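Below you'll find the structure, written out as structure tokens, and then a few comments.
Labels run A, B, C, D, E and F following the written order; every chain starts at residue 1.
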Amino acid sequence: MEPDVTATGRTAWGSHTAGEIREIASRDGSVLVVPVGSMEQHGEHLPVSTDSVLVAEIAALGAERVADDVPILVLPPLWSGYSPHHLSFGGTVSLEFDHMHRVLEDVATTALENGFDALLLLNGHGGNVSLLNGAVSTIGTAQPDVEVLGLTYFRLAAEFVGEIRDSELGGMGHGGEFETSLMLYLREELVGDGDRPATEMDEPYETGISDMFEGGPLAVYRGFEEYSASGAIGRPDLASAEKGERLYDRLGDELESVLRDVHDRNRS
Amino acid sequence: MEPDVTATGRTAWGSHTAGEIREIASRDGSVLVVPVGSMEQHGEHLPVSTDSVLVAEIAALGAERVADDVPILVLPPLWSGYSPHHLSFGGTVSLEFDHMHRVLEDVATTALENGFDALLLLNGHGGNVSLLNGAVSTIGTAQPDVEVLGLTYFRLAAEFVGEIRDSELGGMGHGGEFETSLMLYLREELVGDGDRPATEMDEPYETGISDMFEGGPLAVYRGFEEYSASGAIGRPDLASAEKGERLYDRLGDELESVLRDVHDRNRS
Amino acid sequence: MEPDVTATGRTAWGSHTAGEIREIASRDGSVLVVPVGSMEQHGEHLPVSTDSVLVAEIAALGAERVADDVPILVLPPLWSGYSPHHLSFGGTVSLEFDHMHRVLEDVATTALENGFDALLLLNGHGGNVSLLNGAVSTIGTAQPDVEVLGLTYFRLAAEFVGEIRDSELGGMGHGGEFETSLMLYLREELVGDGDRPATEMDEPYETGISDMFEGGPLAVYRGFEEYSASGAIGRPDLASAEKGERLYDRLGDELESVLRDVHDRNRS
Amino acid sequence: MEPDVTATGRTAWGSHTAGEIREIASRDGSVLVVPVGSMEQHGEHLPVSTDSVLVAEIAALGAERVADDVPILVLPPLWSGYSPHHLSFGGTVSLEFDHMHRVLEDVATTALENGFDALLLLNGHGGNVSLLNGAVSTIGTAQPDVEVLGLTYFRLAAEFVGEIRDSELGGMGHGGEFETSLMLYLREELVGDGDRPATEMDEPYETGISDMFEGGPLAVYRGFEEYSASGAIGRPDLASAEKGERLYDRLGDELESVLRDVHDRNRS
Amino acid sequence: MEPDVTATGRTAWGSHTAGEIREIASRDGSVLVVPVGSMEQHGEHLPVSTDSVLVAEIAALGAERVADDVPILVLPPLWSGYSPHHLSFGGTVSLEFDHMHRVLEDVATTALENGFDALLLLNGHGGNVSLLNGAVSTIGTAQPDVEVLGLTYFRLAAEFVGEIRDSELGGMGHGGEFETSLMLYLREELVGDGDRPATEMDEPYETGISDMFEGGPLAVYRGFEEYSASGAIGRPDLASAEKGERLYDRLGDELESVLRDVHDRNRS
Amino acid sequence: MEPDVTATGRTAWGSHTAGEIREIASRDGSVLVVPVGSMEQHGEHLPVSTDSVLVAEIAALGAERVADDVPILVLPPLWSGYSPHHLSFGGTVSLEFDHMHRVLEDVATTALENGFDALLLLNGHGGNVSLLNGAVSTIGTAQPDVEVLGLTYFRLAAEFVGEIRDSELGGMGHGGEFETSLMLYLREELVGDGDRPATEMDEPYETGISDMFEGGPLAVYRGFEEYSASGAIGRPDLASAEKGERLYDRLGDELESVLRDVHDRNRS
């Protein structure tokens, strides 16, 4: 039942021939989705591919939900993101800020030659957010005939996550209740068997780092080792596959809605 | 009474000799503030320097409020930001994304050689946000002994702005009630005499563009001419110097609080 | 039975936690494999992911063969390569030459921090060869303590392919008997049902383009549309899953041998 | 009476709306002036903003002198220049050579979109000269319809400075009689109260460094600390506000003449 | 009798006026040759200019052979190549990989403005091969109306070298029997008088490094000091001016043939 | 009698083995000279290699004059400079500004590893001046233990040229009396037989372009075709080999003096 990052289904770019891709892209209101993940440490219980796995799964889910009505393709995830603050833990592969910006631009430039009407960069890693938004601006400037959008998928959960979470604010940090639940549902075999101890983050300023869903106006750079000896933050001990399934379904609902809106707006 | 962008006071970097700057930077918990603005069209009633004027004024105000207790210096504003989406109106000077990133890094690298304990990039332009946050990451990675922070000043108003504004959501967009009030208070002579017509923005997605203080998870690139024929958005007609003064004072309170926190946290 | 590009097995980097990766990398004679593919048109019968699928499969196969004896990890394939000459067909995602060089360097730099003794860039696309060899030089220069190697996997078949092929020279070009056979064996569901017409390439100079296994000293740049209307070259009509299996096994033998040599040479 | 770096007058770009700037730029023979300064140590008696203050003042003066006849705008000074040789004294903010080149190009590219007929890069720092001349070439190559010029303002004084100076050759070096006199006239409050000791520079080759107005053919790189313990060179002790006023007026005459020539030559 | 690197003959670009160059380039089937060498250590008996001397000589020879029939010009050799692996011996001048790539592109871009129908990058240094092939791709992509080719001259000897060589495989490495013979014939005065001891290279993998004319599929980076204490490899002791003359003549035959083919194919 | 650009004499870098170069560089007060020329149109009577030929000749002459006393080596000329303003005439090969800057830095960085005490960039082309001076700064900053100098050779003639010239000011422009005389003396066979008509340049501003030895403070960019239909400026009709010999000898005197000064100053 586990969806596959390689996504060999009908919405997966890599499953098609060049001619098929051109044909889909040429349809009215066509949408291209580029999932952007990371390869970075996620504590002692989650694999380093967590962000890439999750963003690819959510992208595939959203695309499948709309594929009967919307001409849509999903590229494989860009699995290496911008993660300098995690390097000290090991297991992390990170591109330089500018180099990743160039990759996003090149992927968009060449893929959009096929004729898509809209491009959605779908992000799965907090450290990529400013990079992705920057790329939305530079790609958008260069592609006046394409609607260029950026979205960090877990922000889609901001409104409903309160219905599902058991943790207090701070429990859904890096490798916490949210990501662990999704991984237990989607890749249980990759989740460690050991304890998943709770870790509280001690950040003196109000920022968005302590929890994926709340934060103040200040941005601050910290090596992640200043926050957590294990590399995770929050309450992975509260995670469950059942919560993961609920999160997955609701994220699918939200992304479906976004994709339908994008399609509708870009029909001629 | 109008504060001066050149800021020749005691906290202005440019008013000092090299030796004085070194001395201030060497004190315990010293803070460097780099205001980052823009030179871009702000509709038919505001000057193109609006963002640079305001961020420099707020930076100078905050620094002056704490200067008896905190060793602090403020650089002149970087007056050219990232504004490709405003170029079609004229009056706009914009750096390429990467080039501005390099400027922020070079300014930080050389200024920090003097020995500051913390660096605050204080931003005054929405289009700079992802650039600035990216620079916080790359500068922070390169400067492990300095606390590197980023802050867009108008987000400091998110909590209290409801007490002051008369406009509905959407009234405090680019060149709207917020910025016009501040300019009427701080640079009345630069605000146009003519009507300041209300402009409603028609953005189909929930983003943060229509108002400075609300927004959904989606980022989208638009040339600003898609939003507004005048170049402004919101309710500049509701602006007043009196509101500007209240905003200015409350922003000063908030920034003072941030600067004291940064100083305290970085004392040895 | 089809291996999975995501490669969630014991040699797959992405299946592990940061701590596990560090541990493997720290063992004597440890080897990191980075598969480098492409996303480019492969005629009317093969999917655009062909090069990425094949190089990831061969990398996983080689690693699995030696994993009992050799501490080894395989990163996911870099699925976007350098393919400007295929863009006119559509379906192709290509990085600029320099940007892809930077990606290879960044991936190597950060992944090698874990302590590997050797790095093998394993390539699956002819258009990447000079890029990859260039990266071997620049990474090798920067990493004097790591043995840095590059290998284009299909060149491992040069010696034995004569035993398997039915085509004359020129039959094993882009999307020809070789690649089609491997895809029929490994991803039959992605190979088109239609005819797979033979296409002869008319290249006036002796180069290595007309066949993967022969070529003269001259390099020449051509847009691929100058060679083939379908986008493929050679004799895909002679391909079979049975040949694919034989090629796959023999390639596994050869790569196993290389990996064991690399391991042995880099033990302390 | 002190002119203001912010230059809020009629020729200041930042005082205008986008529409006003376009209107001025569209007039026949319109001229854009970009002052380029530095933020670098200037000895123990002058502030680090000296070059930026002076070049902005001279630019504003020249523009004001011709504004009745010439459609002209002056951007705020680019206050950070190229000053690696001053970093060891502190107080210095310096851009990398290439990054500053990019800034000059971006400012020119976007500002010239408004329709100016000529661009004058007006420089106030010796260390910027080759950078500025390089930018004249690259901007000029890219903008065949605009006359692109570069000028280091103090070279305008070469012919008349002998009438004013009391120092011998060498007395008008960095922070010497020339700059100190201008600052005493224009920003007396920023000039230190202490002694301003004379400093002789010991440069074995004939170069242009020892005095702003003479020099041989050889260029040599030196960290400025090899020349002077104080960071200044020459005879600041001979400076006076009265000399500063005379220099200021004569520089205004010379720049006025240049601007009128540029305007005349670029009228259709 | 020694040909001259400066090549002041009729096919030498530098001997002509701009008008003459334009005229030659405009003829049907015109060819531009860019020799690319190196400045790197070549053991204790050969000068560091060896690669540049040889590639310039062979280029001039080939061009002279066809100049009665083919409109052809040869640029001076780019005498600095990519040689990081030789730096530890001294005497080596090397460009960064990307910088040399830019040089090749700029030389091609500006030289081709004259109207040549074909461009041949003729390489004389093993370390330049991937760089040169990369440049063939990027120049070829940018110049769709010009046939862009790359060729490493000594690979032209692959077929006939067996008739001339006395050494076993491995004897014709860097500074070995091949290069020393050519230098004895073309620049005897630059070849050292001392012994030219044989050096066997101990490379554990099958690569192309040990001999210029054989090699396996694997690329590996090594500092050259790992191979040879003298900096040379192979059998310079077997070299002779007589062999050099035979190699020179046969290389001329082969290059003549290539140049005629290129000319013929690019005639309208 | 014609000196040779290849300069195979005792001071020519390319004539030596790596070991010999190291030995010379290690001596007290050693000097490295890098001649920097151009490949650009020089009117209808001079070859496009003029600047490269002359700067290489003068460099070789100066070095030979001092070689008994000063450990000195001269690299081959960098024959492609920065000449965008000459491209429209044809025959011109030009590097981008930044790329040529990188070449100068790379050549310096790798060549200086041999241990030279001083580096002289010797320039022969007006369009290279700001580039070269910029490189003196960036190389000087990066090489604190080496004295880094820049010199445009014809500026050495400023003091004595009045004794030799017959032309008025303006007669010694690009391809005028000065360069033509030197070429008649050093490469008569490359100077065209036809008339060498006088060309007066009509530049409205006082700049240094109209004559090599005089000029005002203003820099202006012009495509050279705005100045001259032939591509030359000044009085080539007044040139003679006899004047060329006198210029050559006096330039040798001046450069000898500079080189001895540099050597003396850099002895320990």
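Please note the rule applied: a residue touches a chain if its C-beta (ideal position, glycine included) is under 8 Å from a C-beta of that chain, and two chains touch if they have at least 3 such contacts.
As the structure is a computational prediction, the values presented were derived from the model and not from experiment.
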Topological distance between chain B and chain F, in contact steps: 2
Count of contact steps on the shortest path from chain D to chain E: 2
Most distant chain from chain D by Cα centroid: C
Longest centre-to-centre distance from chain F, chain (CA-based): A
Pair exhibiting more inter-chain C-beta contacts, B-D or D-F: B-D
For chain A paired with chain E, centre-to-centre distance based on mean C-alpha positions, whole Å: 50
Rounded Å distance between chain A and chain B, as computed from the means of their C-alpha atoms: 30
Residues of chain D engaged with two or more neighbouring chains: none
Category of the chain touch graph - line, ring, star, complete, other: ring
Neighbour-by-neighbour ring order, given that chain A leads and chain C comes next: A, C, E, F, D, B
Residues of chain C that touch chain E when the two form their complex: 82, 84-85, 97-98, 101, 127, 129-134, 136-141, 144, 147-152, 155-156, 158, 204-205, 217-223, 258, 261, 265
Chain D to chain B touching residues, read off their complex: 4-6, 8, 13-22, 25, 39-49, 52-53, 75-76, 79-80, 87, 89-96, 99, 102-103, 106-107, 110-111, 113-114, 187, 189-190, 192, 231
